[in-house]
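What follows is a pair of complexes built around subunit A, which joins subunit B in one and subunit C in the other.
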Partner chain A sequence: MRLPILFFRLYLLALFCFVFAPIVTSTVFSFNSDRFPTMPLGHFTTQWYQTAFARPEVWEAFRNSVTVALSAATLSTALGFATAYTDFRFGFRFKSAYLALALLPPTIPLVIMGLAMLAWLGQLGLSGSITGIIIAHTVMAAPFAMAICRMRLQQMDASLEAAAWNLGASPWRAMRVVVVPFCLPAVISAFCLTAAVSFDEFIVAWFVSGLNKTVPVMILEILQGNVDPQINAIGTVVFVTSITLVVAAQLLLLGKTAR
Partner chain B sequence: MTDATPLVRFSQVRKSYGAIEAVRGIDLDIDRGEFVAIMGPSGCGKTTTLRMLAGLETPTDGTITIDGRVTNSLPAHERDTPLVWQSLALFPFLNVAQNVEFGLKMRDVPRAERQAKVALWLERLGLEGFEHRRIDQLSGGQKQRVALARSLITEPEMLLLDEPLSALDAHLVVRMQGVLTRLQKELGITFVYVTHSQSEAFAMSDRVVIMGHGEIVQIGRPREIFRAPRNRFVAEFVGHNNILSGTVTQGEIDVDGVRLPLAGVSDGPAEIVVAADRMEIYGSPPSSPALKAAFVSEEFAGAGVICYFEGPGDLELRAQVPEARLAELAPEPGKPFWLAWAADSPHVLTHREGRT
Partner chain C sequence: MARKPSIYPYFWRAPLLIWQGLFFVGPLILMVAMSFWLVRNYRMEPDFVLANWERMLTRDYFWSAYQVTFLRASIAAALASLFAFPASYALAFLVSETTRRWAIFFLIVPFFTSYLVRVYAWQVLLAESGPVNAVIGFVGLGPFTMLNSGFGAMVGYLTLIMPLVVILQTFSLAAIDRNLIEAAWNLGASPRRTLVRVIVPAAKVGLILGAVFAFILSFGDFVSPFYLGGSKPPTLSILIIDTTKSGQQWPRAAVVAVMMILTLFTVAFAAVGAAYRRNA
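The block that comes next holds the complex of A and B.
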């Protein structure tokens, strides 16, 4: 009994090491003075961060990424919540088809998604614009928001909303004072998670971004030129941003379900 | 409105969901200040009836009139028909005071007035000092009282209750019954109480409405329904009744070859009900006629013990005896007993004149 448990613990540890080793390596080299990522390490420095963030195009890319992430997170959380609520409140024909469609985007290969978005946004005259990236990321992130909101709604007593109507709340008011407050942890969590999805996303952004590069797209362009420890610095900032959002999302969700 | 018109009138109300008919044309008047219990087995349409009254369901057909006004399609939030839910449906993200003041807030009552009313109702229900408690920090009985305060704070003319005590422990049920009857008397408002529990319905209500298969089967005072069930359905659903059929001749009914007394019924086939508490049990054959039956099991039920027997022709019989008497009889499964009743005890369900 004890031995397998020990084995699984070690296995889990090894798994996490394997997953995080590249990221940790990149973070370590971002603070290393040597030009090339070799052992032994040189001395500690923040010069790569300084040089990277002295470049205006890096700031530009971060501005783009933050704009896209916040907008896409807002839109996809609103969409995801509405979709989940529709599923919770109403029974209708073809509901399973509705759900399947709503959850479809993450199953589409990213290259296909990128190409499709490029073609479609081109038709709309939005390719290469920030709006275009926002639309593409909203499509990709909304299913995640929906899944999170749906999980929370499933914990809600269906008579809670009806109780609000019964006590004199109009359907809109009941939504505002009962359904949304009940789902608030999930909504914030969905916002964080969708922001992280958008902030990290490279392939589709690469197809549709044009001159308005987001951070991941810019990283690739720097990388194509040469190997530079500045990339490690930028990558570390991106990683810390995303992991913070994801951890925040998880804490909010776990906190509510544990009760 | 004069007091002569009923507060609520259902007339030929039907509700169907696709092919399923939940309520099949019911007529029911509910008066002001009345405590009405709607009782029936699950799926009989009692909850649907209540939900239609609250505007949470729209009748397929017929009219529901509240206070002289047809309210079929009036949305729930425009009615003053608060409901105490089976699940209580308290808002978990609000504290006790915020839950209780909800109805007033939705009516845009000013803050000072809301606070005064919350204080009043919490005191009325013995919840002083609980204002800032979270809902998950309350006991079952306390939650129940918060739900009541939340529903009553708008001082409605009628309160709807949907099996509100079904989640409580037995000893709390009796206490809450006391709270409910006291409140109803003090406030003088109408209570419409849906339940499947006859002890709750009979203990509290002025009138009981028995529903089955989407129809009203019988309406009456608890005692009437208990002593004179209209048909077999009610007799089986209510109380511990023995239902027997036989042929009546000369003031006696022939049940499986045993002639038992039955007063005031002319000759012909009949179906009769004898309440368990009217049954006499004998340990040895009595001088008068009695049904021989084998003891099956016993069940403690408040005032006494219900004993179950198997009579002639697999007939299920039950008799209620005081606990002391049970010890005297010393029943064991399979042991034979003799059951009989006084001539005026049976209630006749169906009776056809003439000989068979």
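The block that comes next holds the complex of A and C.
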């Protein structure tokens, strides 16, 4: 039963090349001097970064993105933690419907979320505002936060909390001194991951943003014009940001689970 | 535990209900309602008319967009499952626990990493004078036109779904009881027979789940068909965006959206049903 191991090695390598090719390409071309992406490469330059970041609207977009990502990450992490704890601790009627509601958002196509949000936020008078984007991103990111916190709670001995109660702690106090410290790495991890989800999301943001553009929405609009190496420069910054967040999220979890 | 009624459980249970009710269920219900609204003089009026439904569902361009979207998403799901399987097999059975964990780690990273910029990078890579054609040119072939075609869109779909499909397949393959496989060998089954009769059925749930997620994500995707597929023929998501962004035809876009959600629910339920059916 020794299927050629070499074949599988090469196959895995090819798969990872396919998955990472776009990330590498964007980075390489962001430092390439040629206006149009051709082979062979020109010489090394940071010119595209300079032109891109000399534009005030690029800074504006980054400010918007950071505001949205931090707010949406805070809200969705809080929401995700509360939901994960509810699932972990309590049984009640319609619990499976409750969980379905919690986990459903990522399965709805983004374009549809965008349309629905646009109409709804318009009714609430929130369309075109940063608040609208934060609301939408919180809905979309909360399930990821919930999943991460739920995984961590799974590792907690359920009797720990009960012990605190028996020793006279109120449920609130048991939450504060037992559950929260135990879940802290997962909470931070969820914060990083949801920030990445929000930072990269562009379709719903594009629908509801109006004039307050986030970085990916700006990229989307530049893309509708011509090939522009500035996108590689901005894109590389976006990659570095979200990869850092996702790697941090994972390391926090791995470091704790290996315990 | 007999304690007096407390707000404690509700404090943790309520936030999700309130938030998702207000900002997830609410918008979706409004969208369904909107598909029955009336558009007069470029303004929407709440109403209950079937005009939008009639208008969309009797048009050929809607059904051809539907066909293209459904077909492409099915092909993408099939190709992703097929291409992912050898990799997942290797990760589940042929590498160490540590390697597998790191591989999953490196597959999760791109899944959460700026899909839009990755698609733009494919635009660069697949261009007429781009790196891929340069490599093909070395062996004296091409250049091929890869952008603005079904091929281009497919590359984009696979970029989106490949990491997720490999992760789901790997988990389900790795969870198979090794004794089952060894029993098959000991009973004299050939590798191929072991694969088809033991491994695939045992990992069925994960394999189907991978394909379903691949289908859902490709079916709703707008970026790949637009930037790599050249938006001709349009997919349903492109139809929604065109209808929404140019002109005030939100109710018609809502009709398309409701049709998409119905399709996804049908496919998901059918697939999950198939996944958990015994001895299929």
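One rule holds for everything that comes next: the second predicted complex is superposed on the first by the 253 of 259 C-alpha atoms of A that agree within 3 Å, B and C clash if a C-alpha of one lies under 4 Å from a C-alpha of the other, contacts with A are read in each partner's own complex, and residues count from 1 in each chain.
We adopt the following convention: contacts are C-beta pairs under 8 Å (C-beta built on N, C-alpha and C of every residue); 3 or more make two chains touch, one makes a residue touch a chain.
In this text, all values refer to a predicted model and were calculated from it rather than measured experimentally.
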{"item": "Partner chain in contact with A:35 - subunit B first, subunit C second, else both or neither", "value": "neither"}
{"item": "Partner chain(s) touched by A:178 [first = subunit B, second = subunit C, both, neither]", "value": "first"}
{"item": "First (subunit B), second (subunit C), both or neither touched by A:15", "value": "second"}
{"item": "Contacts of A:193 with subunit B and subunit C, given as first, second, both or neither", "value": "second"}
{"item": "First (subunit B), second (subunit C), both or neither touched by A:157", "value": "first"}
{"item": "Comparing the two partners subunit B and subunit C, which touches a greater set of residues in subunit A", "value": "C"}
{"item": "Which of subunit B and subunit C A:168 touches, first, second, both or neither", "value": "first"}
{"item": "Interface residues of subunit A shared between complexes with subunit B and subunit C", "value": "165, 171"}
{"item": "Subunit B-facing residues of subunit A, complex", "value": "157, 159-160, 162-171, 173-174, 178, 181-182, 184, 259"}
{"item": "Contact footprint of subunit C on subunit A as seen in their complex", "value": "1, 3, 5, 8-9, 11-12, 15-16, 18-23, 25-26, 29, 36-40, 78-79, 82-83, 85-86, 89-90, 92, 98, 101-102, 104-105, 107-113, 115-121, 123, 135-136, 138-139, 142, 165, 171-172, 193, 196-197, 200, 202-203, 207, 216, 219-220, 223, 227, 231-232, 235, 238-239, 242-243, 245-247, 250, 254"}
{"item": "Sites on subunit C touched by subunit A in the complex", "value": "1, 6, 8-9, 11-13, 15-17, 19-20, 23-28, 30-31, 34, 83-84, 86-87, 89-91, 94, 101, 103, 105-110, 112-125, 127, 129-131, 134, 158-159, 162-163, 166, 185, 191, 194, 216, 219-223, 227, 237, 240-241, 244, 250, 253-254, 257, 260-261, 264, 268"}
{"item": "Subunit A partner contacts - residues on subunit B that touch it in the complex", "value": "54-56, 75-77, 80-83, 85-87, 89, 91-93, 102-103, 106-107, 136, 150-151, 154"}
